[in-house]
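What follows is a set of structures for review.
What follows is subunit A paired twice: with subunit B in the first complex and subunit C in the second.
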Partner chain A sequence: MSAASGIEREWRRYTPAERLARFALYFGIVAACVVSLRTVQVIPEFLYDAPEQVADLLKRMWPIEWSYYPKGVHDALIETLHIATLGTILAIVMAIPLGFLAAHNITPYTSVNYLAKLMLVSSRSVNSLVWALLFVAIFGPGALAGTMAIAFRSIGFVGKLFGEALEEARPGPVEALKAAGAPWPSILVKGYWPQVEPAFWGIALFRWDISVRESAVLGLVGAGGIGMAIDTAMNLFRWERVALMLVAIFTVVVLAEIVVTYIRKKII
Partner chain B sequence: MSETTRPADSSAAAPAPALEIRGLRKEYRRGVPVLRDISITFANRGITAVIGPSGTGKSTLIRCINRLVEPTAGKILFHGLDLARLHGKALREARRRIGMVFQEYNLVERLTVMENVLSGRLGYVAPLKAWLRRYPQRDIEAAFELLDAVGLTEYANQRADALSGGQRQRVGIARAVMQQPELLLADEPTSSLDPKTSVEIMELMVALAESRHIPVILNIHNVPLARRFATHIIGMSDGSIVYDGSPEGLSDDHLKQIYGGENWLE
Partner chain C sequence: MSSAAGPAQNRPPPFLPNWPARIAWIALAAYAFYAASILDVTWERFVLGLENGAKFIGRMLPPDTEAEKMTLMIRGLYESLEIAILSSTLGILLSLPVGLLAARNLMPPWVTWPTRLFIALCRAFHQVIVAIIFVKAVGFGALAGILALTVASIGFIAKLFADAIEEISLKQVEAIRATGAPFMNVIAYGVMPQVLTRFVGFATYQVDSNLRNSTMVGIVGAGGIGGTMFAAFQKFDYDFLLTILLAIIAMIMVSEALQNRIKRLYQ
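Showing the complex of A and B:
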């Protein structure tokens, strides 16, 4: 056939340069794995020992000390939920204006967009445990530090996703309101908000779900909640209590998941 | 209405024109004009249809009038006010005197039909009151009357995304008329609709505009529909006006000049 048309009918998906680049990429990934394994310095004795240690730990955790729940777990658990909920609400309040500033279709000033995005990125780039360490240093140990840590970590998450939802809003309805002579606050409230409302509630609930899980560990650095109780129990080698707390956290996380899924379905 | 209004003798015409465009030019990219120094006078009554091939600047022309598109040069005189020079509050106040109907309806889908119609009053209602849904009773009554007129009263509390295309455009028209505009713009109002619905929508828009004495400027690529409903026709080709006259005066020669070629006419 190629002889008939006189044109070489050869087809390759990638050019030689592209193939070389792809090979270099794969090679790089393997090399990185090898190098990091050497850096981690796995001690073989500890590795072989691991199953035994796990079995030992589980044995010490059993039987779970259920009777300890009303005395030492319940209040801490409720405090954890309070930290998560208050922190998330605080974050949402601060994230909404940042989301508006980050969305280029609402704030048509590139420098403002970048400033807002920079603030959102810095919020996200710091782990909530690190935020907690900072706020423990400022406010002292306790639930306030935990709440602020959750809030500051959540701003970036909520603000970024809310800003992106705003940017995806259809411009048509907004144009129609503009053509009717609506001032910008009305355009935000009646043109953009109805379009992003389901996304907003979805983001807020999802973040609350994450916050519940994160606030459970904040106590390890003294920022209140059930993490503090776990820390204490571990230091005293009361593993049957640690087990109880883990079960409690697991139950709360599952319940939160169920509630969030239910509400999301109702909204969308 | 069969008289042909020409830019040159517009001052001689007895009734003041609804809109006068002088030397309107629009370049999206420098040196590539989409509108080439257009001058037209629109009478203060009747339906003016702008026809022409796709990409010839019909939509840009309509959108320049209420400044959804920024004109590069020229004047747009609306009852003596140069729309091309307005900014901020003055522009908003001018915009609320001009209603607009869109090809894709541009309704806020998650709001109810009633709230979409009331949105036509957002230029007059304070943002806080709009947010709290405290529209003046007068506006609510006017909205119900319009819903009666477009035949959607029983859909008042349904969400706009529950409606069909034709019904959505009815809401779009009601929203535009809700402004009590002195001019109604329509950007391809029937292009997303089937032929039967298109005629119904045109009939509705023309009837509403005539009963309220609102002059209409619409762009449309369907020539028979333009001939049937318009009292005046503007033919555009390549960013310039090549016909400005009555529907009766629009000949096949004109159409050839506007659209180019002739095989499609048979």
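Showing the complex of A and C:
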């Protein structure tokens, strides 16, 4: 009897507890969507005239005021690029020591690893716009605040990935150098660095690409770059200038991506 | 003995100087100084900033927990959460067809090129800039934020989903086709089983990203806690700003813990 029931036993992939948990998850997702949909404040009058508003927006944006580029956009665009690049360089300079401290094969103290990782996490969990707000309050409006915001947001990103790359380094070359009696700076430069160099350039380029995108909006909170020009043009309802700036940002972002892809192919 | 010592004398040094790399490093350092001078990043400003920073932190502490402001903050956080949930749902649902249309191994070029262009356009602009456009189109409020983050979700999920589909093995697809299955069945039984886990991975990542960004789009008037936060900043209400920042960080940490639990459920 028991043998027969053993053969006829129905095979199920998940235990009842697992199925219950999954059902609760799906139910929770659907419930969250329904509740949000019912309570979100959407003003229907605004929605009805959305097509008109979009048409109006496009009409105001056309023709794009190309002649404004040399006067009000070029310098802001270059400033944006400087903010992104200098911010990324600063971030790399600060993130490399933190990456070394976070990698447990280089710094064999768990408490130091955790402290470094905590600093990296807190850098990443604050949005770059929030960093920009804080630095505008500290340094005043301008490019310095934007540079610091990009740098502090990027530390967590670069440091985390660099630390992980270091932890994956093979111990062979390092042990060979140690056996030859090399001092620790030589071990870092000749043992670890060649192994993580491709990963490092990949991370740096990837972060620079993101920084270029982000630095374009920092100006909305007063942290310099083309965002400030957009803010001014919008407050004056000069949409044909806003359109020009959007085109400029789009071009720069696409160019940055092409440059990153090209350098990545060359280096890595 | 002598044969070992002989070559050792004219053996090249083990670590040759890499002049192109050194020149590149020097150029990078020179650029950093040049950019710093252009952006007016000077030591005096930095030191002055540190003083301001101390004052700023002094004004932030202790965080403001006045009852009236707390209700304002909770309403803002709730709206951010709504924006995140609705934009993620909408973005995920739209990314499925858009990603399929952009996969070059399933669709003819005249479909994939426009779709890929559309995805690139969705990705090109920062969410906050997209939010500006939508604020103009549909007015201030949560709807603009939802639409802006939906666009960002399509730009991210659909691109990676299309790339994932292009890496699948076509054998299974052909096997389903050979049975005479219609197109939708080929998708459902030949393609989706191979890419569904990766799609779920991209989608959960984007949910997390949307939650973070839903707290930001309010800066340009697209709803959520961002508007309250920016207003507090402009009114020099720094102690309330700190409360909001702590609440945002707490919300993100809770959501990350929740996500880890859910991931464990599916392992």
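Definition applied: the second predicted complex is superposed on the first by the 251 of 268 C-alpha atoms of A that agree within 3 Å, B and C clash if a C-alpha of one lies under 4 Å from a C-alpha of the other, contacts with A are read in each partner's own complex, and residues count from 1 in each chain.
One rule holds for everything that comes next: contacts are C-beta pairs under 8 Å (C-beta built on N, C-alpha and C of every residue); 3 or more make two chains touch, one makes a residue touch a chain.
Please read these numbers as outputs of a predicted model, since none were measured by experiment.
Colleague: Check the residue A:V42 against both partner chains and state whether it touches subunit B (first), subunit C (second), both, or neither.
Modeller: The answer is second: A:V42 touches subunit C but not subunit B.
Colleague: Between subunit B (first) and subunit C (second), which, if any, makes contact with A:R213: first, second, both or neither?
Modeller: A:R213: touches subunit C, not subunit B.
Colleague: Should A:A182 be classified as contacting the first partner (subunit B), the second (subunit C), both, or neither?
Modeller: first
Colleague: Per the contact definition in the header, classify A:G172: touching subunit B only (first), subunit C only (second), both, or neither.
Modeller: Only subunit B; A:G172 stays clear of subunit C.
Colleague: Applying the document's definition of touch, where does A:V130 land relative to subunit B and subunit C: first, second, both, or neither?
Modeller: second
Colleague: Does subunit C touch more residues of subunit A than subunit B does, or is it the other way round?
Modeller: On the superposition, C touches more of the residues of subunit A.
Colleague: Can A:K190 be said to touch subunit B (first), subunit C (second), both, or neither?
Modeller: both
Colleague: With both complexes overlaid on chain A, does A:V254 touch subunit B (first), subunit C (second), both or neither?
Modeller: Second partner only, subunit C.
Colleague: Touching subunit B in one complex and subunit C in the other: list those residues of subunit A.
Modeller: Correct list for subunit A: 190.
Colleague: Mind listing the subunit C positions that touch subunit A in their complex?
Modeller: For this pair, the touching residues of subunit C are 15, 28, 31-32, 35-36, 38-41, 45-46, 49, 52-53, 56, 79, 81-83, 85-86, 89, 124-126, 128-129, 132-133, 136-139, 141-143, 146, 212-213, 215-216, 219-220, 223, 229-230, 233, 238, 241, 245, 248-249, 252-253, 262, 265.
Colleague: State the interface residues of subunit B toward subunit A in the complex, per the touch definition above.
Modeller: That would be residues 66, 68, 92-100, 102, 104-111, 115, 119-123, 125, 127-128, 130-131, 172, 175-176, 179, 185 of subunit B.
Colleague: Please give the residue numbers of subunit A that touch subunit C in the complex, ascending.
Modeller: So the residues of subunit A touching subunit C come out as 18, 21-22, 25, 32-33, 36-37, 39-43, 46-47, 50, 53-54, 57, 79, 82-83, 85-86, 89-90, 125-127, 129-130, 133-134, 137-140, 142-144, 147, 190, 213-214, 216-217, 220-221, 224, 230, 234, 246, 249-250, 253-254.
Colleague: Provide the residue numbers of subunit A that touch subunit B in the complex, in ascending order.
Modeller: It is residues 172-173, 175-183, 185-187, 189-191, 194-195, 197-198 of subunit A that touch subunit B.
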